[in-house]
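Each of the next two complexes has subunit A plus one more chain, namely subunit B in the first and subunit C in the second.
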Partner chain A sequence: MKIYLKIIGYLTPIIALAISFFITGLILVAIDRNPIDTFALMIEYGTTPKSIISILNRSIPVYISAIAVAVGFKMGMFNIGVEGQYLFGTLIGAYVGSLLSVSRPLHILIIFISSFAVSSLWAGIAGYLKVKKGVHEVISTIMLNYIASGLVAYLLGSVFFERKDDGIIRVPQTNNLPETGQLPPLNNLLGLEDLPNLNGFLIGAVILGIVYYWLVWKSSLGFELRATGMNPTAAKFSGANPNKLIIVAMLISGAFAGFVGMSNLVGYFHKFTIDFPTGLGFAGITVALLGRNHPIGMALGAFLISFLERSAQILDLNDVPKEIERIMAGIVILVVVISYEVVRRYVLTQQVKLASKLVQNVE
Partner chain B sequence: MLNKNKNLFLNNPTKLFFLFILFCLVFIAQKENYSQLTTSGTFGATLRLAIPIMLAGLGGMFAERSGVVNIGLEGMMIMGTWFGAWAAWLYGPWWGVAAGVLGGLLFGLIHAIATVSFQVDHIVSGVAINILAAGTARFFSIVAYSGESLGGATQSPRISGRVSTTSIPFISGGNFFGIETTDTLKTIEEMNLFLISDLSGLLGGFTRDISYLSILAILLIPICTWLLWSTSFGLSLRSVGEYPVGSESLGINVYLMKYIGVSLSGALAGLGGAYLVIESAGIYRENQTGGRGFIGLATVIFGNWRPSGVMMGAGLFGYADALQLRSEESVHGLLILITITLLVTSIYLVFYKKNRRGLYSLLLAFMFGVWWLNSTTVPNEFVFFTPHLTTLVVLSFASQRLRVPKSVGQPYKRGDLT
Partner chain C sequence: MKISIKNISKSFPGVLANKDVSIDVASASIHAIVGENGAGKSTLMKILYGMQKPDSGTLEFDEKLVKFNSPKDAIEEGIGMVHQHFMLADNLTVWENIVLGIDKPNFKPLKKKDYISEINELAEKYKLKVNPTKTIDELGVGSKQRVEILKVLYRGAKILILDEPTAVLVPQEVSELFENLRNLKSLGVTILFISHKLDEVIEIADNVSVMRGGMHVGTIETKNVSKSELAEMMIGKDLPLPPKRTSQISEKICLKVENLTAKTVEGKKAFENIDFEIKQGEIVGLAGVEGNGQKELSESILGLYEFESGKIHLHEDDISNFDTKSRRELGISYIAEDRQAQGLIIEANLIENVILGNQSTSKYSSKYKNVIYKNAVVNSQSVVNNFNVVTPGVNTLAIALSGGNQQKFVVGREIENMPKFLLASQPTRGVDVGAQDLIWNKLKDARDSGLGVLLISADLDELLGLSDRLIVIYEGQFVKELKPSEATPELLGSFMTGLNI
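Our next item is the complex of A and B:
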């Protein structure tokens, strides 16, 4: 009986995905395209070696962003501000990195530290406002997103800009990172010389996943966080300080957010430009929900989202709007949250029934 | 006691403070390069920019009064802009309005199904709605506009026709049975009299060339107030947001009320989106809503879940937006206004023996004063986030005095007493 409940739990994401694909299929039928052909095309294109490397590269920032969101979730808080936090942090990281000249590991380390310190403090504002002023973190992080994007645009355009042609032209981007601040791709290490670059920060993402797992499930701070997230009153009586934890959780969440832009910064662009990928914070929310805050679940979720993004690229060539991927991501997330909730309730009632049966047997 | 704090903006000390700031504004506007602060043009733009936020805010209020947090307002507004533009482009502006409302309503219904029938966490569902709406708008644009010469993935063709406008006869130059009348307010405004001209600028901006759509939107304020506080439907809706279990025991259909609240919420946000397209832009563009749904949600909170409060909050944002659009020079004048406001606040705080906070306020006033003296314009990027920063500041000072609907944000399941 118990095993059967567990199996249902594991099957939920698959069923939810099937439903989402079905709905997307209906939309494709509605615009007069063949859904089966479309999905086959996506799978075929999405599983070529080049695509797999692209998917891995895309997954890195999304996965880290999901971790940042998940830390908040575990504490019962909603950090919608990952977007602003990572953009601000990455900009400062890029600027600090462009000024330094030290040896490689130290250089990259300093970039990381400056980025996550800024992101963390930026997220901390939301925590402070919640504890001291009673401002709900959802509203404050959304507003902080807009403020951050304004500040980033200002700093990029008026303070950190690069001078070209003897300082006459101002380009809104930071100076290139020196060689020592760049992270080499993993291709040589894995013997993939003739394929596109595999971002070196993939290892960083794996490490961050492990750190997240240890922090939330193995450390005493993580225990307090989870306890407060589940039942603030009970946690308070067991000696946890919810106010302190709110601020700590936001700081940690922001610290993870500081790493979101790192794969693109040290591993790919080597500078912060106006073309720097945005929207990763919101993708992180999707992935955290898909993966139910579990380190491995979120990795799978990140792969899924990146797969959709990458494999849709082929569709335009075959007369299917590739934007179907956008709508699909939306449907997946909505169907997934609804089915998780339905299954959670079902399992809960079954467990209650099971428990009452056991009690009756004992009596 | 409850009545005393009825409205944050209209209780007495706040009212006085508000009037004082307005007076300062008029004073600052006497300076040549800050004159745009109080012209009828600025106030007219304020009205047009405030209405979408106000509509989103009213929408948020309906949802929250029925106990559902609607962070999906932004997405519902996006649907309003998309469907509004599409139908307006095909059939004319009023069809656009109707389609925008329906588009928002549809997404409101999705939010209701997720949060009410399936008890999904309200914020999770709202975020999902926003993601879905952005994707849907993009996809629909490709499908609907890809063949059009001026439309495409991120924008619609320009819509044809506008909603007609009107002015009040004899006061702001409207037609009186087909006869042109004098524009009295304009005449007074151009005389440049202290305070009187500024006030007629305000009145003129709110009465000259107002479209019927704006009038409809403004009328929604008294209508919503009446609906929520003077009808038995409103009482039921509000009671559901306060104490759903009790409401159920009195025979109110809690699910139905929540469905109505959230759907109305979507419809109003959709109307806000349609307004943006039809009144302000004349075209659909991706990211046109620019977070107005979220700001609308913020106006609900610091408007203390009341229509009049929502209106005031939306007006504040509309004014900041309008200034940014019309005259960057004038925005600089707001720096001195902030300085004066902070100075007065610090005097008030010290008078009530809150010395530490008074000192902070004084320090901030000093900083803004220095900034004002050492610059001629405010960077555009700063102006861009002024509304959002204002939201944060206002909320940090107002949050403790607010009266939140008691069960807002809590999933309710029939027969579940926990």
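Our next item is the complex of A and C:
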């Protein structure tokens, strides 16, 4: 009896995806394009070796961002501030890294530490404000995003800028990381020749996924975190200190956020520039929802979003507006979130029925 | 309007809220519904107001069958409800609050003058003093309540449901409210008055229906009933009695509370100079009408409530300044008065629920601060076996269990933790007779093996049958200590209501 409930759980995302493709197909028909051809085109282009590497590279920061958001979700908090946290942390990491001259693993490690320390503290402000002043974390993290982006722009333009042409021109970017601060791609390791670089921080993302899983599902702290998320009153009576947990959860969430920019920093750009990728913090919210805060679910969610982004690039060339990808991503999120909720309720009522049947039999 | 509630039953996952309830309410009378928390009175009123649909049973108004899908239907039939927590928009004026939602939204200007004069007329008719142009946040609690009453009368209510209307009022406001209610009655309004304050019920109501464990125990005229009789009906006498067993009370102290004093959140006295000790192997029963400081006292012992002065010792340790977690780790266990809100994570399975409260002890937390699920599986299975918890397995979510089985699981978890001291708050509230019997026996077993227990209960028979010693709390003070052998429910009831000090 219980196995079929599990199977329903696993089938949900697949059915939800099929529904999303169907709805997108209707939209394509409405704008007079052939949906089958369009999807075939997307799949064909999206599964070339080049595309797969690009999808993996895109997935890394989105996945880590999703983890940062999920830490908050698990305890019933909404950290909207991953965006500001990672931008600020990455900038500081880039700056610190550009000053150092130490050997390789240590150099990269110091960059990581300075980035996540800053992100973590930045997120901690929201935790502190919630505990001490009762400011809702959604409000404070949104505000902190604005402050962070302003701060980053100011620091980049007026403090950490690079001097070129004997210092006459100030370029709003940090100095390049020395070679010891750069993370090599995985291509040599995996024998991927004649292909674009596969970002070395992919391994970091996998490690962070494992750390997240351990922290939330296996550690005692994670138990209290989840208990507080599901029933704050019962958690309080059990000895969990809600105020402490709020601050700790924000610090941890911010620490993960500190790694969002790392693949791009140490593995690709090697400096923080005005063009450094933004919006990853918000993408993380989407992916956390898609993956239901589960480490593997979020990885699949990150692949899916990255796949859609990448494969949409071919559409314009074939006279299909590439905006269809944004529409599709939106449909996917809505359908997936709704189907999760429907299935959750169904499984719950089935469990209740099962247990009450048993009680009747016993009595 | 006359109301007939006929054979209403309603259950929720884990709770049977109403079981075959039938009550007749005479037209133009004040009818009180009394019962402890969880007795099912709120659910019944929600059904009457269309907020919940009954599983079975019917409602009749003046012999006419009615069916409600939402409060809107109920309002159309002439029912109005004044909730315990006011449903008013603070920054709007009185008249705006009263007419809010009356018309379908449109773009016509509001007929402010007409509304105000209508409200003034209505207020005059029912002698409910309000100033329609003041904003709500300028008003005191009593006036807000009058606005709430006017709001439902304005909608043409012939039946008024008042949910714990005096809970928020000071005595002077209470007598004002009662005068208003008598007035409304004389003008033909039928009033349903929900309360657990027996004094007030006897003062204001014509008839009173008593609810207990989701069932309707009986309806009587208030002029024929005394407070202690009512208390007895509310708490139950025909229930099975806990087994009497002698015990060896040790000389060693289990819990010692010295001169504890605390204020409520509103700054009133919660309890004062509380002084007692519980020996190992002793159950001390705390009797009192709900709201006399028990909640604050038990939360103080758990480290969840900040008291002003005094000391708490567990065995030899002074735990006055310890947080909840350290107290739990030192061996304080707690059977929560509200299992679903305080004692369980109902969306989690029994394996995770068995950890709750002990997540930081060495039983469930390894040297590297990992949760030891292996132990949780074994221990949840052991609670299920030893306490006869009926469940498909320990993987089942707590919400899937019936109320009695949830409670058996909570009690089992707390007892099998081998605590040094157990705070048992309403350990058998809202459970069936079989579960009650099992819980009583298990509590006695634990006592016999040397556990000290503070038992807080609204069930006087439970207190008399389980306790080795009884303490009565009234308005935050210990007013009487007595042996169960020299106490009767009537005597206890008189101390609890402050009649016999």
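Throughout what follows, the second predicted complex is superposed on the first by the 363 of 363 C-alpha atoms of A that agree within 3 Å, B and C clash if a C-alpha of one lies under 4 Å from a C-alpha of the other, contacts with A are read in each partner's own complex, and residues count from 1 in each chain.
Note that a residue touches a chain if its C-beta (ideal position, glycine included) is under 8 Å from a C-beta of that chain, and two chains touch if they have at least 3 such contacts.
Just so it is clear, the model here is predicted, and its values are computed rather than measured.
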Fit or clash - subunit C, subunit B, common subunit A: clash
Touched partner set for A:Val211, first subunit B, second subunit C, both or neither: neither
First (subunit B), second (subunit C), both or neither touched by A:Gln351: second
Subunit B versus subunit C as contact partner of A:Gly239, first or second or both or neither: second
Partner chain(s) touched by A:Ile23 [first = subunit B, second = subunit C, both, neither]: neither
First, second, both or neither for A:Met230, with subunit B first and subunit C second: second
Contacts of A:Ile110 with subunit B and subunit C, given as first, second, both or neither: neither
Which of subunit B and subunit C A:Leu192 touches, first, second, both or neither: neither
Residues of subunit A touched, compared between subunit B and subunit C (which is higher): B
Segment of subunit C that clashes with subunit B, given the candidates 60-68, 96-104 or 294-302: 96-104
Subunit A partner contacts - residues on subunit B that touch it in the complex: 71, 110, 114, 118-121, 123-125, 127-136, 138-139, 141-143, 146, 153, 291, 294, 297-298, 301, 379, 381-382, 384-385, 388-389, 391-392, 395-397, 399-400, 413
Footprint of subunit B on subunit A - complex, ascending: 27, 31, 78, 80, 129, 133-136, 138-140, 142-144, 146-147, 149-151, 153-154, 157-158, 282, 285-286, 289, 321, 323-324, 326-331, 333-334, 337-338, 341-342, 345
Interface residues, subunit A side, partner subunit C - complex: 2, 214, 218-224, 226-227, 230-231, 233-241, 348, 351-352, 354-356, 358-359, 362
Subunit C residues touching subunit A - in the complex, by the definition given at the top: 13, 302, 304, 323-325, 327-329, 334, 336, 341-348, 352, 355-360, 364-365, 369-371, 390-392, 395-397, 399-402, 405
